[in-house]
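Each of the next two complexes has chain A plus one more chain, namely chain B in the first and chain C in the second.
The block that comes next holds the complex of A and B.
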């Protein structure tokens, strides 16, 4: 999860991101940031996450749980 | 000196468009498949026409400074001449402009520009390829002509090769014909992120008057471009996009 949170912090240009942080509250959370994040997730975890999946994601850990679930199934 | 059999080098042959091109051309051409993943290249070889002459040269386009010596050794070792080059290797990773770094720019440029250029340069040299190159096709993208958010390095590096292609076409004429194909969305693993997303895919497809393309659509055109029938076509960036780039609909 550390790599994932570090990449989120890099994309959002903040010092760090905590699992409970709400993604929509970050100033730089926009469609292009999401696109870059989904490309990272595909490359790093071989998991495809769609924009429809993102509708149910609120916090950083919500998305990570989805990655873990897809990665195992 | 006996005339050597002509070989065609296909990069990015481990999947998608490159694999499909290899399968299509394998009936009439001796092929060298190249990419990073040897197992995937072997799988492409299996899918080529039975009895086709196929060799595998492993290369990492992310390391352009190693390309020349590696290919040179391969040509010498195999004692062959390469007369055709189809560059289907490509790298795209969406990235906002604010996050672009030298590292990310160099990786895009290494794969999409430096490495194919190194190959052409070697193939038109005396040693060891005996200046045998005659036909070259670069797979480019409509993002080299237009643009999209997050694709600065992809657009830039593909457009760089399209530009280089024109000067090479003049310098190397009449012996070598070079062209590039700017492709619209094709159903390949590279497009999986978008096509897997029903919301995005629907928006994307609606912009294509003829729908999104299939790898066979590209392979069929390449077969023509490599043939004698295309002997008067050089230095062109040809758009294959199902009408996407001329669609100004509301």
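The block that comes next holds the complex of A and C.
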């Protein structure tokens, strides 16, 4: 999870991101960040997350749980 | 499905681009996006310049201009080809078809097959398939394949998802019989995913009205109408990353080749980001996969593969030959690829479209 949170912080250009942080509250949470994040998740975890999946995601850990679930299944 | 064609070749490619260049930097203020984010978008996606037609120029104008140039320079003759295939999603009219319009404007012979194919970003591949199949007929010795789109007219200037990357262009590819050799290809389609790339209004299902022309904020700061082209960027990205690498694996398998045999990967050019991610996923040297078309001309749908060929390999392919892997993917959804030897082209160049007076 640490790699994931670090990448998230890098893309959002903030010091750090905590699991409970709401993604929409970040100033740089936009379509560009989402696309770059999806590419990172695909590369790192071989999981493709769609924009439909993203509609249900609120916090940083919500998205990570989704990745873990897909990665296992 | 896998396809095999025998003893066919490409003998010339002409790229026609509108003369007017637009710059991303100058268009940034149209997008509801902080300046720093626009600059980031430019860097990641490789946006810079793009070519778009003026209000009165249509898809057939670009092709007619290019073909007249070929006639003028004796690179093609009016009676030296037997079929004209026009691949486009920008019809001048709902009736008659673009190929018939072009035949009429150029005063071409009657003894000819004119055929329109409605295809988007895989349109160069689908057009080649059709050209190769027509050449099996004894009466058809040479085919002119024209790819042309002016989709900038359908993209909202306030849609940063689509406007910075859109480009207008046409290409004219001469396809003929010989020399001996096999060409390997494959194609797949999925109509269930069609919503990812669409123009909702303007057809028979939902004709354009004042209502469909209303500009609406789509919730993410992008403003467009139902008359405009709509692209679900992350859906397209996922589609490309999941479907293209296995397609190329399959192509390699059926052709009995590996990455070492391929000199150049000329793929559709949606943006630099997507091509870079594809190259990484496929373990392909980025030098073998040009990704510069979107930042020089824009993404002109089915014309981007000829644009990548002309702008990167013109000299190499006029004087020699290379093993090339083409791949197109987009609206439909459609994805297709081809492995063939290309070279010793009679012509391989770019010209700028200027409005004709007649």
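Note that in this section the second predicted complex is superposed on the first by the 73 of 73 C-alpha atoms of A that agree within 3 Å, B and C clash if a C-alpha of one lies under 4 Å from a C-alpha of the other, contacts with A are read in each partner's own complex, and residues count from 1 in each chain.
Note that contacts are C-beta pairs under 8 Å (C-beta built on N, C-alpha and C of every residue); 3 or more make two chains touch, one makes a residue touch a chain.
Predicted model, so just to flag it, every value in this text is computed and none were measured.
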Touching partner for A:32 - first (chain B), second (chain C), both, neither: both
Contacts of A:10 with chain B and chain C, given as first, second, both or neither: first
Partner chain in contact with A:48 - chain B first, chain C second, else both or neither: both
Contacts on chain A seen with chain B and repeated with chain C across the two complexes: 31-32, 35-36, 38-39, 42-43, 48, 50-51
Chain A partner contacts - residues on chain B that touch it in the complex: 93-96, 98-99, 149-150, 192-193, 196-200
In the complex, chain C residues that touch chain A: 33, 37, 40-41, 44, 161, 220-221, 232-235, 237-238, 241-242, 273, 277, 280-281
Residues of chain A defined as touching chain C within the complex: 28, 30-32, 34-36, 38-39, 42-43, 48-51, 54
Chain B contact footprint on chain A (complex, rising order): 10-11, 13, 31-33, 35-36, 38-39, 42-43, 48, 50-52
